[in-house]
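Sending over a structure as structure tokens; questions will come in a sec.
A, B, C and D are the chain letters, set down in written order, and residue numbers restart from 1 in every chain.
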Amino acid sequence: MTGIYLAGAFGISGFLFFNRSRVINYLLVSAFLVLQLGFTIYEYLHINKPELTYFTPDALGILLLVTLTIISIPAMYHSYMYLGSKQDNPGHTAIYFAAMVALLTSVSAAYLSNHIAVTWIFVELTTLSASALIYHRRNNRSLEGTWKYVFVCAISITLVFIGILFLSFSLSQAGADDLSFSNLLRKAPELNQFWLRLAFIFIFTGFTAKLGLVPMYTAGIDAKDKAPSPAGALMSSVLMNVGFVGIFRFYTVVSHTTVHSWANHIILIAALLSIFVATVYMTKVKNIKRMFAYSSIEHAGLVMLGLVAGGVGYFAAVLHIILHAFIKASLFFQQGQIYRVYQSKSMYDVGNYFKYNLTGSMVMLLGFFFATAMPPSGLFITEFMMFRSLFEAGYLWVLVVVMLLLTVIIWAFGKNIFKLLFSAPVAFKEEGVEKIKPVESLSQFILLGLVVYLGLNPPQEFLHLIREAIKNLPQ
Amino acid sequence: MNESILLLFALLVPVAGMITIPFIPHPFRARLSFIIVCLVAMVTTVPAIKALGGEEIDSLFDNSLLAGNWSFHVDRLSAWFILIINLTCINGAFYGMGYMKQYDAQRANLSLHWVLFLLFQASMLWVCMAQNGLVFLIVWELMSISSFLLVLFDHQNKTTLQAGINYLVQMHIGVLFLAAAFIWVYYSEGSLEFSAIERFFSTHSNFWLFLLFFTGFGIKAGFIPLHSWLPQAHPAAPSHISGVMSGVIVKLGIYGIFRMVFFLKQDYILIGEIVVILSVLTGLYGILNASVHRDIKKMLAYCTIENIGIIGLGIGLGLLGMGSGNGLLVVLGFTGALLHTLNHSLFKSLLFFTAGAVYQQTHTRDMEKLGGLIHRMPQSAVFFLVGAMAIGGLPPFNGFVSEFLIYAGILLGIKSIGIASNTLMISSLAGLAFIGGVSLLTFTKSFGTVFLGTPRSPLPQEPKEVSRGMRLPQYFIILIMLSVGLLPSFYFSVTGSIVSAFVPATAGGSFSVPAALTNSLSSIGKFSLIFLALPVLIYFIRKRFTRRHRVATGPTWGCGYTAPTAGMQYTGKSFSKSLGKLMNFMLLEKKKYREIRTNEVFPPERKYTSHYNDFFVTRVFDGLVDRLLYSMNYFQFIQNGKIQMYILYGIFFIVLVFLGTALKLI
Amino acid sequence: MTNVLLIIFTISLLYLGIAHRLLTYIKILTIQGVLLFGIAFIELIEINAVNLTFVLLETIVIKAIAIPLFLNYVMKRNRITRDAEPFLPNFVSLILITLIVITTFILSNAINDARISKIYFVVAISTLFTGLYIIVTRHKLITHVMGYLVIENGVFILSLAVGNEMPVLVNLGILLDIFASVFLLGIFVNRIGDVLKDADVDQLKSLKD
Amino acid sequence: MISFILIILTSLFFSGIIIRTKSRTSGRKGPGLFQPVKDIIRLFKKGAVYSKTTSFIFQAAPSIYYASILMAIMVIPLGEYRGIISFEGDFVFFAYLLGVGKFFMILAALDTGSSFEGMGASREALFSMFAEPAFFILMGSFALLTGHTSFQEIFASLHFGSYISYILGVLATLVLAMIAMVENSRMPFDDPKTHLELTMVHEVMILDNSGFDLGLILHATNLKFGMYGALIANLFMGSFPLYLTIPIFLGIQLLFAVSIGLLESFTARFRMNHNAQYILALSSVSLLIFLGVLLMLGQFS
């Protein structure tokens, strides 16, 4: 099935690239969604069955794949909304959809790959396809964003490659050639410490570009800012999860070796710095999209803290990254509507959104509460668990610092969101305001509803999958 | 009928209401909301009354939640607070129906408002019932969020937004403290159930965990120095919301503290002394600030802080009683606190409702712009007068009863052994008396400025008495207030039963209320009634006497000056100026004016404005927050747009990890 | 023999540090390509013929011929000035690159692995960091691309160290790096040249907070 | 009940004695002892003028004020004989009853909308606020000393035995007398005979009252004097039988009235803006009493 999926999806992507007809475009995109859905269901039913040697739908992969499929449907919908609102030339539209399909496909493949090198290939592919999305508007700024994103990601991916080489050094010492995660896990205790450490530094640093952690998060901010909002939603949710998959799987291997605590410290430093950087910029930034992007950085940091703390933190980390994907996606989708109302992303130009788009403002309001982990957001549960795990792991000072930073973030985030929702905008003409249909916000409500459902009253199967995903970590 | 099913209704009914309200026609929304508030109140009042009678209700929603079971429990303490919540919410919703008419044009906003009001009531009720730490935190946060959004109703106003966000952030800080406390309990006991807290207290040192809880709940309750959200959020909210917030939300902080106090196993004396000291300071600080503020709702908000101080004093006394095994002191302190909680929720919502009536008619909260409203709104004036007397603890109203209990507690506590507690008690006594004195000044000032004299500035429209719908709940409140004032023994027996159910026998729990105390209480009721009658009698005699006398009317005697204007009246500001001056080390007055220079022969018209700043906000928090935010500027170089730098961060990170590893730092 | 080539390669890095002109950079890249060809030829002689051909083609055709030509073309097309415009004086660059080499040398002492020759490690890591250094300290976009190419060369050397056992890895790395570096960077330098008129990083600093 | 009647009686000639004393010290003969009472009766018979700005508060306030004083007097015991109202903690009731009266008087003053009356009201509120703690500390100390919390029980079991106790008695008398001065707005805190409204406290508050109301207010003032005098007298009665206590009561009331007259004759009033600190000093003195009580109970050992 994976083979069929990859061939089919990339085929659709190719067709989309050359197709200029609107109808066929719809058909192709629907075909892709059906394929994606079918693939997801198939993989869910065939959990843990390797395919094409390099792909295994394990629990984590399934969880993230389902997340991706759920988000991809509204993403396509909002893409049509986005493109429909501007008279784009058909060529650009074709490239946009081709790139989006390619992005979703390569992300899906990266989730499922059981081999670090294969993951690496698909991560590289995500960079390429995402760059086409970022460059969609074809102006100076988007060019700059694209250039930075591609360049920083290229460097990062090279670092990952170096890390993989080091990993293979450490592995050849252990006497096996296979770089699949299961093999690595099996050989973990025998891995050469020195090479493993080197590998960890490089792989971790490389993947931070995708996950959005210090040090390489930088270009991702520009990318999420410049990409059209549906693409931004994908980048801030499913694409981030790719970085998480890379780090998580490798971390699982490392956690069985003697360098575990050392790796924990590195992650801890990166996570704390990420939350700190997010805090700094949340207080400063005046661009809604960039603010959301920084908020993603914060959450990536929190997820990593969960990993570091261990215990219930592992569980919290996986749940958190999934829920965060839903929240961030809906916020970015909503941002698209805000842009249609104000034709601006700047905090200075927006305001009184409550008046112009009631349903949309409700999404924004809920999204804010959800993203800052207030009930009934599921993130409240996960953050509580993370705090608990930090406490139990003895990272008291980390806990205090994180709590302080999160408070500042809530203040800053809230200040901006409430400015957007309730303060009257300066020099804004009400006449030509586009009326946004309430139904356009429906998908966002569904996504947010999922966050409540999965957070407060998760189904057993879901919990089981998460437990399955973290079962290889030391308990 | 099974009570747990009733409790389930308390969850389902508000949710159903919240979904329905946006979809029904606009004119019915407020009414539906009121009906649902009443319904929810009904389904929770029944179990609450049963619980007060001794039938405690346990309910367990078996749930696959990550945190285990959602256990709910209605015991006497919850029941007491549930009753207070329901009473205040029904009054608030009823009043709100009338009050919100002025905003009829903002349909979406109103609809949101009524939806949130339901969530607000429900979450408060659930806070009182939740027995699991995580569930408690969730409903607690829901309560904060819903009240925060209710505060934001008048969101076009910039200060409202600021106040709202300030409130949200401070509530979040409170939750962090609570979360830390629950996590600690979980860490050591392996459970988030409240019973685990009790286990924790019986095996560990009590002080630090209690401190965490106290800080978390204290932010909600408004103990200094954690009060600063209160004087901002209350004025910003619509009046019935301020009434409910001040009447109940802050009381849930008290509820939390009570819960924890009843779990305590040792360190009573230390904790009690700290609570007493903090409470007296809170009371003094609150009332002193209230006395100088000219925004009527801000004044009331500070006054809430004062009353929290009084309640806290009661709790502290009870703790001291537990520490010294003095059952009577336990009972006096705790019942005083519980009863004052009820009383304050009554008269504070009454006062906020009248403040709302004034605001509705005059569109200003600035007392200095008002005056003479008693002629236009006589009933509202009487409401305010009654509220003012009650809040000042003046007989025959309810405030006196609870304050009397606390006074009696202090007088009992004075006899305790040890100079430290003796001195503490006598200082509390003096403090409480002083608080009473200042509150007299505060409320004569407020009532006098707003309702008496002549109007100080032209108003946009002629004020008139508010609608009957808005007055009705106020009559109702006054009725209950009088019932407390005249039948104190009944209320005492109810609160007494709550206390005796919780205090362990080892800490003075097995007490018998001496006859002298019940006698005192019934005397208070009796003589209050007489006191209510006596002025009427004298007034009647006066009427008889002066019937035949000549009565003339004329202008107020101007002491020889024949052309007085309304602007020459004594203002609220000048009324409290001397106090403000004496206390200027704490009441920070900010004046804005320009001196007349010597060479200005014909000085132009100029302005003089002055307002008071909160001591803690100005001297402590503003500076800290400013510095924190300013320090963020130092790190603004990170995202500087230079791609070379971005690469450099990666290199730095890798090199630092290398170095750290090589030097064995990581 | 490989050792000699690797040392020459390291010398090319030092030269990179003091080179003034972009043309010199391109020449160095060509030389490095040729050197890599040599090293790969000697080192990978044992692996199967298809792979070997592939690797050799990649080094000689792409690294030594195609990319330099392409860079030349880009420079001409966008009329990029010849100067490399470093932030730091070349003297300092030389010292720093030397330091990089020395540090990696010291670091390599920590390796006690019979199967991996230290010199590969030293040269690869030095190349990597020199490449990063070039990116960080040079002004122009094109130099960033060149720095990236240098990094790729370092990665190539590193992959040669395990190339015997895992040729797949080498191939993979090469494939995608070609893709990323030539195809994408090339296109973007072109585009940026079109849009911005002067391919200077200074103009790409508007996205910041 | 006895105390109630006695205080009412005392109130009839208390002001007369003060005025008489003041006249004598200044070398005048002075009006008759009952002249103030006659003045009040005259006021009762007079018609009234009400300001147009006032409301029902202004008319009701004097009655409430008077009622509150009457109620307060009912709390006062006479030695062993309890007042009409007597229960544990009745002095709290007493203090708050007085508070109600004050509350309404202040409101009545504000009701006129006169800036002078507002000024007086403000001062009244401020001064009585500062006097409050002193009274409570004093009573708290006595409660500690005697172990009781009602007026009657405190006074009945108050025995002066050691030299400290005499000091305490003197200090308590001083504090109570001074509180009486503050509450009645007399010298040295306020001069009832001042002629400048700007410097008045109590007198300026009732500028607009006339007729029956003014009569009530004036008599209430006399009642208040009697009431505080009774409190002071109670300090020295202990559990003497009735034939001793009544003379003691009357004697002390007389002494009190005369000393007020003397005080008003020979001292000047305090500066207005220093008043607050002097009143607060009363609290400090009461604290000294408290320390004395602690000493007596041997808690310092």
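Basically, contacts are C-beta pairs under 8 Å (C-beta built on N, C-alpha and C of every residue); 3 or more make two chains touch, one makes a residue touch a chain.
Because the structure is predicted, anything quoted here is derived from the model rather than measured.
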| item | value |
| --- | --- |
| Chain whose mean Cα position lies farthest from chain A | D |
| Most central chain, Cα average position | B |
| Pair sharing more residue contacts (C-beta pairs) when B-D is set against B-C | B-D |
| Chain centre separation in whole Å, for chain D relative to chain B (CA means) | 36 |
| CA centroid of chain B to CA centroid of chain C, Å | 69 |
| Rounded Å distance, chain A centre to chain C centre (Cα mean) | 31 |
| Chain centre separation in whole Å, for chain B relative to chain A (CA means) | 43 |
| Residues of chain B whose C-beta touches two or more other chains | 636, 639, 643, 647, 650, 658 |
| Overlap residues in chain C, where contacts from two or more other chains coincide | 132, 135, 144, 204, 206-207, 209 |
| Touching two or more other chains - residue numbers and ranges from chain A | 147-148, 151, 155, 221, 281, 284 |
| Contact pairs between chains, per stated definition | A-B, A-C, B-C, B-D |
| Residue ranges of chain C touching chain B (in the complex, touch as defined) | 87, 107, 129, 132-133, 135-138, 144, 201, 204-209 |
| Complex interface listing, chain A residues touching chain B | 147-148, 151-152, 155-156, 159, 197, 201-202, 205, 214-216, 218-219, 221, 262, 265-266, 269-270, 276-277, 279-281, 283-284, 315, 354, 358, 365, 369, 374-376, 380-381, 384-385, 387-388, 391-392, 399, 403, 406-408, 410-411, 414-415, 418-419, 421-424, 456-460, 463 |
| Contact set on chain D toward chain B in their complex | 44-57, 60, 62-64, 66-68, 70-71, 85-90, 92-93, 95-97, 99-100, 102-103, 106-107, 110-119, 121-123, 125-126, 128-133, 135-137, 140-141, 143-144, 147, 149, 197, 207-208, 211-213, 216, 273, 276, 283, 287, 290, 294, 299-300 |
| List of chain B residues in touch with chain D within their complex | 371-372, 374-375, 378, 381, 385, 389, 392-395, 400, 403-404, 407-408, 410-412, 414-415, 417-419, 422, 425-426, 429-434, 436-438, 440-441, 443-445, 447-449, 452-454, 516-517, 519-520, 523-524, 527, 530-531, 534-535, 537-539, 542, 545-546, 549-559, 564, 566, 568-570, 574-579, 582 |
| Chain B residues within the chain A interface of the complex | 63-67, 108-109, 134, 137-139, 141-142, 145, 149, 152, 155-156, 158, 161, 164-165, 168-169, 172-173, 176, 179-180, 183-184, 186-187, 628-629, 632-633, 635-636, 638-639, 643, 646-647, 649-650, 652-654, 657-658, 661, 666 |
